[in-house]
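A, B, C and D are the chain letters, set down in written order, and residue numbers restart from 1 in every chain.
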Amino acid sequence: MSILIDGKTRTMVQGLGRDGSFHAGQMLEYGTDLVACIHPGRGGSSFQGIPVFNTAQEAVEETDAECSVVFVPAPFAADAILESANAGVELVVAVTEGIPVLDMSRVVRELDELGTRLVGPNCPGLISPGKSKAGIMPGNIFRQGPVGVISRSGTLTYEVVNQLTLAGHGQSTAIGMGGDPVVGMKYNDFLRLFDRDPETGLVVIVGEIGGSDEQDAADFVSRNFSKPVVGYIVGRSAPPGKRMGHAGAIISGAESTAEAKVGFLRENGIPVADTVEQIVELVSEGLGGRN
Amino acid sequence: MSILIDGKTRTMVQGLGRDGSFHAGQMLEYGTDLVACIHPGRGGSSFQGIPVFNTAQEAVEETDAECSVVFVPAPFAADAILESANAGVELVVAVTEGIPVLDMSRVVRELDELGTRLVGPNCPGLISPGKSKAGIMPGNIFRQGPVGVISRSGTLTYEVVNQLTLAGHGQSTAIGMGGDPVVGMKYNDFLRLFDRDPETGLVVIVGEIGGSDEQDAADFVSRNFSKPVVGYIVGRSAPPGKRMGHAGAIISGAESTAEAKVGFLRENGIPVADTVEQIVELVSEGLGGRN
Amino acid sequence: MKLEEFQAKKLFREHGIPAPEGIMVTSAPDARDASEKIGFPVVVKAQVKTGGRGKAGGVRLAGSPDEAQEAAEAILGMDIKGYTVERLLIDPALRISGEYYIGITVDRKRKIPVMMASASGGMDIEKVAAETPERIIFQPIDPHRGLRGFEAKKLAFRLFSKKKRAMDTSFIMVRLWQCFNDLDATLAEINPLALLEDDSIMALDAKIVLDDNALYRHPRMEDMRLPTPSDQKELGAKSHGLSYVQLDGEIGCMVNGAGLAMATMDVIKHLGGTPANFLDIGGSSSPEKVVHAMDLLVSDPNVRAILINVFGGITRCDDVANGLVQALSGIDLDLPMVVRLTGTNEEEGIRILSERGINALKDMTGAAREAIRLAREGGGAR
Amino acid sequence: MKLEEFQAKKLFREHGIPAPEGIMVTSAPDARDASEKIGFPVVVKAQVKTGGRGKAGGVRLAGSPDEAQEAAEAILGMDIKGYTVERLLIDPALRISGEYYIGITVDRKRKIPVMMASASGGMDIEKVAAETPERIIFQPIDPHRGLRGFEAKKLAFRLFSKKKRAMDTSFIMVRLWQCFNDLDATLAEINPLALLEDDSIMALDAKIVLDDNALYRHPRMEDMRLPTPSDQKELGAKSHGLSYVQLDGEIGCMVNGAGLAMATMDVIKHLGGTPANFLDIGGSSSPEKVVHAMDLLVSDPNVRAILINVFGGITRCDDVANGLVQALSGIDLDLPMVVRLTGTNEEEGIRILSERGINALKDMTGAAREAIRLAREGGGAR
């Protein structure tokens, strides 16, 4: 098992530009069940044997795609997400970076009404190792296993996962939820799924400064979550009021500092690592010998 | 019994301008259970003994009003309807004339989501004779009885009702649904309620040129309606393509002519009167001696 | 408020919809100058607020200054469905390889705006709609969210398979919605939307109808009002709170309420007469309104009798009667008149009118019959 | 992109929000002239993109031309939280009888915009928010429907009971939303929203932050960019695809990915060192990017050692190593440097670097420790 995607998830890619076509190929190589690509004006052609459609509606009608990974450039990305959601796709993964926040606010609201799940935007996507990849994560560093990973960051996720894999701790599903101010699914949405996933034995939460999502997660864990959780928060050395690359990393109030987050997690019984190496130690402890 | 309003319907008036205050007084006099008035800036005062509030939310919280009659001027009327609906009112009657059609399109959509019923705009409202009046109809011409009346017009409704009353046919509830291109409840919405109302023995549908609401009603009646219906359609002498006062009366296609409507009603077994006098005859026949 | 083609095209261009840059003129010499500025060939197009101008000869191609001037002379002053041509649009004549249709209006049934598109554009779109409705595709528009790019794209790929054509068209569709929404239109239409030989997409004709109820939000649109003579009479009536439409019958009607006014016209026709107009004086009938209304009726040379039909509801019949008497005292009326008064205090109202020698009845059908009789008997005097 | 007060006020006025008509100046004599044009008393206000300017002495009242000039001389060049004052806004000084607060931002938790309003406006609104949160009222805004009149009215009647004040405020609220939405802002704030002695309501201060991701839709906003020196360095970095924030530590960091960059800074601090900057070179690290990034690090006089931390994911470590070698070959580097490479093909990458004499490690904590050591040992040379 795993969450959200597995080997049977019928997946499509929206936007066959430079990044989209590269990662569509990578996903195919990883074993993702890629059934369709969408690129206006290229309908009727094929990409590495996969049919290409002009619109999401045609793609879904023809292939029953359930998941779409969006690589469409920022000015058109919000519309592309809405297109897939309105065509009936259940899960949209928006890799695109730089989508205006008000666009995302409108998108998220409409997707809620449609009952479509959204991961991202501005995210590396998600992977259920050995089964399927919907995003841009480097497949080779992942290994199947009991650790769920939820992160707001990209390369930091790889760093953490790489150390976990090297230490022999494989992953059930690893998710980069994106660092923008408005994103689709958040820690709690994933935790709810991990709680019901028998393969997942422990979840690592990788957080950062900005907002209060990590506090919400800690709150959720202390009330509703039955498995061990390990936390890691970056940005302790960030000065207040400075952007650190992610729009999500604006310090906007007292609770959005790394210190506040670390404190809140610990108060709620979640061990928090100071370094990536420590994450591995805490995961080993948490799993208590299980791998 | 009656539909939508009766003597227990807790009603409020929005907009105590010239028309609003006159008709609020008329409604009180008729016996409507007027519990609140809304006029920004006059909150805390009272109107003929009825408390006045600045906002609909306060009014509903304080008085549990269920129905609101809107007299607010056109530029602010759409907002006033939304205000009442969002405050939890179940039925909004919009008397105001001249609300832009796109405003109404947005209003109707939101009220559908909220589950709030809307009569109008640009309508005389509705009356359940002897019980309650929510609108501007002249109360004295109505008499309680078994005839339901649904009309797109104002004075024509009075004309029809007056003849019915003079002939001894009282009314259960009489509704002017308004003649604008976009209105809230239409014939079918009222018919559904009249069908379940034991007091109502027969329904008179007063239609006019424009749109195809009368056809929809005939279709509904032939499938789902258990009581006799009498039709009357005005505008047979209207030349195509001319506005006849009501925005609703633009001839936009073949089915919107009076002839097409009369024909369709008759095909569906609904007797159609040529004159107001004939309505009375057909009602007498339909009721078969009942009054 | 209907706009003329040259106005609608200007608004389209302001919203980023490509449309030919033509010149509006009101005389044949100006048409000649304009055509020379634009370069040949040009199209000379009558500006009238009605369809079917092409079939009526109101659109002509001109290949030279002389031809442009001749075409303008032929078209100016032409009568097209009751509209006299006073203005021409001189447009460059473009090389067209296909004609399509797109339009937006408010769907009364769905209660939201809807975009219609068809690959069968051009003059006969109404015939297409009536005979082969499946050739018109519909896209409902959420009035809060507007027409989205993906919805437009879906429609556009049903008109065109080539990427550039479809994408250009989808952008035009989204802009047409923005134009419709920004201006509070009730209709915005491009017919034909033309595919040109250079593979570009362009609005060759343009139709916009604005929502009169929303004009207060668009003060600059008032400057675009170009009333025709019959419009002017209706507008004048409107400024006095009257809703008036002139027809060509013999019975001048004055009624309170639009539905009752239509019922009155219907009953006249039902009894073999012909209504001269639709005239709704509204809910409250002040003496001034009645005076203005009477002026409208009297100024119509076809009118041979007047029928006033008032239902006293909130307004009492005795008040209406007094108002009528006051109003009529200032008018030298040489036409027979029937007044029908009913509703609140009707007996008293009828008595007041009888005292002044005004024929007043309670019954609408009877009053209409009497007006028709009077029109046939005494109306010959005019 | 943060706007300065005078810019935000101009945009407010364009959206129908009343704000004083002041004059922006950059010199003391111009401040004098402006104050004479406006009439006395005036307020001389430092234009800086940070709060707390009032407490720092950046706002002064002036009752005469001499006082205005003196105030301007005192404030220009002042340092307020690291920002040097280069511009002043000369505003008329108004008679205020109450200070209120309204603002709109996007609520990350609700994922929609929210309007905040408080009767306790003025300088200490953040203190109010922290200590008496019940004195701030919230109104979520549906991003499709916008802030509606009735929602604004509800808020406004909680600030004011008098009709005129409440209705004026509710119109300002709706317009503030329109301004926020039209400009794609992430923050639009009026603090204080002032009740003047003449009973009018006015925006006495104005703050707008625009969404950088949406600037492509607002080309004219680019003209409003007034970068400070430190902004300029960050903007220069951005134009090369780098995300850079200067701090004041000793270890210059270059990392791929924002999260990993923060983790790198954290580990430096955790081990007792101090990061000199945040520098994210993004997913793919081309040689040109590395060159520009190196320039940024080297130009910071505080830097005593460089730590490059790259996780090879999609990008292979050997490619990154080759890129680094190429990039470094053109630079005369007089600082110690530690490279940490891990991920895809890490062994090969480390080998390539070692061949060129570059210290390369696999382990992030180890690399950070080494960089700190080198900074303390050899860094004294600069």
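Keep this in mind: contacts are C-beta pairs under 8 Å (C-beta built on N, C-alpha and C of every residue); 3 or more make two chains touch, one makes a residue touch a chain.
As the structure is a prediction and not an experimental result, all values here were calculated from the model.
Asker: Does A-C or B-C have the larger number of C-beta pairs in contact?
Answerer: B-C
Asker: Where the CA atoms of subunit A average out and where those of subunit C average out, how many Å apart are those spots?
Answerer: A distance of 56 Å separates the two centres.
Asker: With centres defined as the mean C-alpha position, give me the subunit A-subunit B separation in Å.
Answerer: Measuring from centre to centre gives 53 Å for this pair.
Asker: Can you compute the centre-to-centre distance for subunit B and subunit C, using the mean CA position of each chain? Integer Å is fine.
Answerer: 27
Asker: Can you tell me which residues of subunit A touch two or more of the remaining chains?
Answerer: In subunit A, residues 106, 110 touch at least two other chains, as defined above.
Asker: Check each residue of subunit C and list the ones that touch at least two other chains.
Answerer: In subunit C, 144-145 touch at least two other chains.
Asker: Using the contact definition from the top, classify how the chains connect: line, ring, star, complete or other.
Answerer: The chain contacts form none of line, ring, star or complete graph.
Asker: Quick one: which chain pairs are touching?
Answerer: Result for touching pairs of chains: A-C, A-D, B-C, B-D, C-D.
Asker: Flag every residue of subunit B that touches subunit D in the complex, lowest number first.
Answerer: Within the complex, subunit B touches subunit D at residues 40-43, 54-57, 76, 79-80, 82-83, 86, 106, 110.
Asker: Would you pull the subunit C residues touching subunit A in the complex into a rising list?
Answerer: For subunit C paired with subunit A, touching residues are 145, 148-150, 153-154, 157, 161-164, 166-167.
Asker: For the complex, give me every residue of subunit B touching subunit C.
Answerer: The touching residues are 26, 74-75, 98-106, 108-110, 136-138, 140-141, 151-159, 162, 179, 181-182, 206, 208-209, 211-213, 216, 234-239, 241-249, 253-254, 258, 274-277.
Asker: Tell me, which parts of subunit C touch subunit D in their complex?
Answerer: So the residues of subunit C touching subunit D come out as 144-145.
Asker: Touching residues of subunit C toward subunit B in the complex: what are they?
Answerer: 50, 106, 108-109, 111-113, 129-130, 142-144, 181, 184, 186, 211-214, 216-217, 243, 245, 247, 255-263, 265-270, 275, 278, 280, 283, 311-314, 342-344, 364-365
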